[in-house]
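Same chain, two partners: chain A is paired with chain B first, then with chain C.
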Partner chain A sequence: MVDVTDKAQKYRSVAYYSGCALEGSGNGYDVSTRAIAKELGLALKDVTNWNCCGAMEVKNIDPKIQTYLSSRVLSNAVHLDGADVVMAPCNGCYHNLKKAEYELTHDPKAKEVVDKLSTKAGHETYQAGQAETIHALDWIKATIGEEGLRQRTKGRLAGLKVANYYGCMYVRPRHIFPEKDKGAGSESTSKPHFMDDLLAAAGAENVDFPLKTACCGGAHTLSDADTSTKLVLNILQAAEASGAEVIATECPTCHTGLEMHQVRAEKRFGKKTTVKMMYFTQLLGLALGIGPRKLGIHTNISDSRDLIIQKQLA
Partner chain B sequence: MPIHEKSLIRPENIKTHDKLVIEGVDVSGHWSTFIEPRVVTDYNEQLEDEISAFPGGDKIHRCFQCGSCTNACTINAIEPRFNPRYWIYLIRTGMEQELLRDKDIIWQCISCHKCTHICPRDVEPEGVMKATALWLEAKGHAPKSPSHIFDDEFSRQVIERGKIEDTEVLHKFLVKTKQPLMQDWLTAIAWGIAKRLPVKWGIKMGFAQIFKPKTRGWAKARAAIEDYIHEEDDKRKQVLAGGPKQDQKLHPKLEAAE
Partner chain C sequence: MTLGSEIHLQPAAVPPASRFAAIETRIDAIGSGTEPDAAPRAVAELLQLGEEILEIWVCARGQEPTYDTKEGFRLLALHRQGARGEPSFNACRETARELVYHYNLVLSEPAHPETSRRLQLTAMVAKHLCLFVSGKMQVAGLGEFCCAAKPLRGGGE
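Right, the complex of A and B next:
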């Protein structure tokens, strides 16, 4: 097991896997992640020739294809970029890479398929254990940590009430996250807290939010829109009832799902909610004094520009 | 929260009469509810094998009916008919006709993995849900679900180019499901962003329509994936077309009677 000081050093330079969503509708997350990396002196090297991880859709065609897609990304990071840590800000990508790691360790059939496809595709087969996949939360937590953030942000988020929403892919199923639920210092799959910890260190007030890992219906956000709107409305109303002004997110699909269905809930069901969605990297960026445009805040569907002016963050 | 278990008693077979006397015995009211018997003979003994042949369904045989999956299920919380434990029971006992009574909602599994997380037997119920949804379509019991149309379009872009482009996925999905592009909520969102963004963003979005994001050096990976899909499809067709498993032998007494 890599100890704390090791990780603090190791994660300072990582292979960066943005994924498709961060290039498109989740661009605010990408822009803000890169901005805070620059501000904090952390190196990001984009994975060469990366491909889609398969998201939530390819596994329904065939889970082994999704395993292959994820393993190709890991293979490129290891063999083309010489990396041993891959950092993914998107829950979907993070989950899929972790899942591929698990299958390649435990399922000989998956290993066989990945080997066959990698050979045919003309690249090295990724072997389990060659790289460690981490989420953007793990990345900031280990390198800068709460103490580092306290020093650099001087509690600038004070007065901001935040509900921290983690979604499904960051915590379930437990067996693909062997480093979670390991006691003090580790993340929890039932009550995740890394984002809470980082934002609290920057001065934010984390409200008691019961739906941290509730499903937003993201996988069916368009194909079963009514179900997604119901699930999202639950989350938005619970956040508001807990007193939140902002829902902090760490996944582009959850984030845009919450935003889009906030609009749809008002249009179709007449239920209005006013809580704003912001990526945790945008909140940390503001706390570090980076301007909102550089953090892509104007590209979020839910318009939080007035709120951040009111909170003297811009 | 109680574990939901759907009864095999069909609602229409439950009979209650407000005023009924049979041979001098008063059987009025709900305390004397009758259940009309029925006999089930149309089992599909291959059902578990058929579902196992679809991707994700191969661990269904591990289930011991604890019910944790249905208890944890996100969709069950908003639609009580959605019952993974019950459906797994029906599949394993070959009760195909019972399963088909819920064929219009099985595709709605949202892949939240609450079931996978909690299952003590590593059944991966979410995988079984997806496998069952595909099985329903392959056997012609259900039309292609909206989520399958979405998955197909998404996967098509990934397999073709290595990456997806958000607006293309949205646009093609709406077209394939014969929905209008101009829907109140979508236009509200688009307009809301358009008002705030600088011109260069609009140009960038326009460019993305022509120069779609793609992975360099993807051609061989594409060919490899497409070959794999064909091989798996062939294998599956054989399982669906086949009769009893080759190594299944009749009980000696039955064999003697044949």
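Right, the complex of A and C next:
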């Protein structure tokens, strides 16, 4: 069992690590996260002078450098901002901070490298256990919860059929998420459900979607764009076959991949799909009565305006 | 479409890219052209195609594909074998499990009104496994995948 009372209070004010994707292609995720935080009375304090989590090429050169980069973000949150909880909405950032925490706990060599580089860079070394990294789903689930959302949203998403797509990094590898798979109230690594729970509480109808943690092909985008497009097309077609009108996302890489390859699938393979994509924070924002523009929905490539009007969500 | 005679494994001598292409074509055919009363045999073929996909991966890594089962399914044992020493292969673990789940779903209620849709979704899950593993093999440099071999994959850009 998970102690939800402690978390509900603890997570009301968190260090916010938006990461680089949310400053660029995933900006709608950032805008909508901040908008719902304001609406729900939750405090987000940006991590001071944050840096890349090391999600991209650096890990292929030296995984310990990746651990250091993530540890520096955690160090700044702890030592410069006085935080004990860091919330990262991006699956890549979330995954890497969790991985750094795991490495620093279990690998003396990683700790040695991080100590050395932190000293050289002139900042305090992050020590495992000084902060807790959470995802935006953990944050809303613990602070507001389903009942809180039910009261605030009054079922505004009723009639909206949603396929919840988590992608692969939110739950893998299992060993870096020791808080998951702990029974009632905890997230599952094999059948994640936090996004399903939150959107259902706002009135949405979650469809039975079999590819909710399947690969979006993000890693193949540059080496073999056709494979990425086919993987995405399959996800989009499966969502449509499941009856979904919109795919809810919680990862900027997956979201952008779904949007871009939806366009490419039509151009390259003549396969048109019409299912929309929105970040779960955008859907929750609509359910809370926030206008689409304030949620950055107009910045998505996937144009959901007609659907929003049809469902009377604006 | 007739079913049953199609359940066959392609010879291992056939290059992986050609095998994946053939499997993908077969999966698409099952997903779009199966009558509901043929669903049990079709879903069995999809499961077998899933095993063949994982066998290609295992063989390409120089191993003998297992005939053990995990939780009653060879597919899951093959996945576990394929992920040994390659943690990123776990990105298709849930896809393999979904294939098993949908196989059970179709077989447990073959007369269900949703059977056609369930079979279609099973085919999409199997196709995802195929696309993921073929992409993985290319990234890993296994098989004959390379830029020069791209035409084998259906005329890549």
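Note that in this section the second predicted complex is superposed on the first by the 309 of 314 C-alpha atoms of A that agree within 3 Å, B and C clash if a C-alpha of one lies under 4 Å from a C-alpha of the other, contacts with A are read in each partner's own complex, and residues count from 1 in each chain.
Everything that follows uses one rule, which is that a residue touches a chain if its C-beta (ideal position, glycine included) is under 8 Å from a C-beta of that chain, and two chains touch if they have at least 3 such contacts.
The structure presented is a predicted model; accordingly, all values stated were derived computationally and were not measured.
Partners chain B and chain C clash in the overlay (superposition on chain A).
Judged by the touch definition given at the top, the superposed model places A:Leu69 against chain B, while chain C stays out of reach. In the superposed model, A:Gln237 makes contact with chain C only, not with chain B.
Of the two partner chains placed around the shared chain by superposition, chain B and chain C are both touched by A:Arg172. Once chain A of one complex is fitted onto chain A of the other, the partner contacts of A:Lys161 are absent, as it touches neither chain B nor chain C.
A count of residues in chain A touched by chain B and by chain C gives the higher number to B.
By the document's definition of touching, both partners, chain B and chain C, reach A:Thr227. In the superposed pair of complexes, A:Leu211 makes contact with chain C only, with no contact to chain B. Shared-chain residue A:Lys10: touches no atom of chain B or chain C.
On chain A, the surface touched by chain B in one complex and the surface touched by chain C in the other have residues 168, 172-173, 214-215, 217, 219-220, 223-224, 227, 230-231, 268 in common.
Chain A contributes residues 168, 172-173, 190, 210-211, 213-215, 217, 219-220, 223-228, 230-231, 234-235, 237-238, 241-242, 268 to its touches with chain C in the complex. Here chain A touches chain B in the complex through residues 20-21, 23-25, 49-52, 54-65, 68-69, 72, 113, 116-117, 120-123, 168-169, 171-175, 189, 214-215, 217, 219-220, 222-224, 227, 230-231, 259-260, 263-264, 267-268, 298-299, 301, 303, going by the rule given at the top. Interface of chain B with chain A (complex): residues 55-56, 74-75, 78, 108, 110-114, 116-117, 122, 127, 130, 133-134, 145-152, 154-155, 158, 162-167, 170, 173, 177, 184-185, 188-189, 192-193, 196-197, 201, 208, 213, 215-218, 220-221, 223-225, 227-229, 232.
Residue ranges of chain C in contact with chain A, taken from their complex: 87, 90-95, 97-98, 101-102, 117, 120-121, 124-125, 127-128, 131-132, 134-135, 138-139, 153-154, 156-157.
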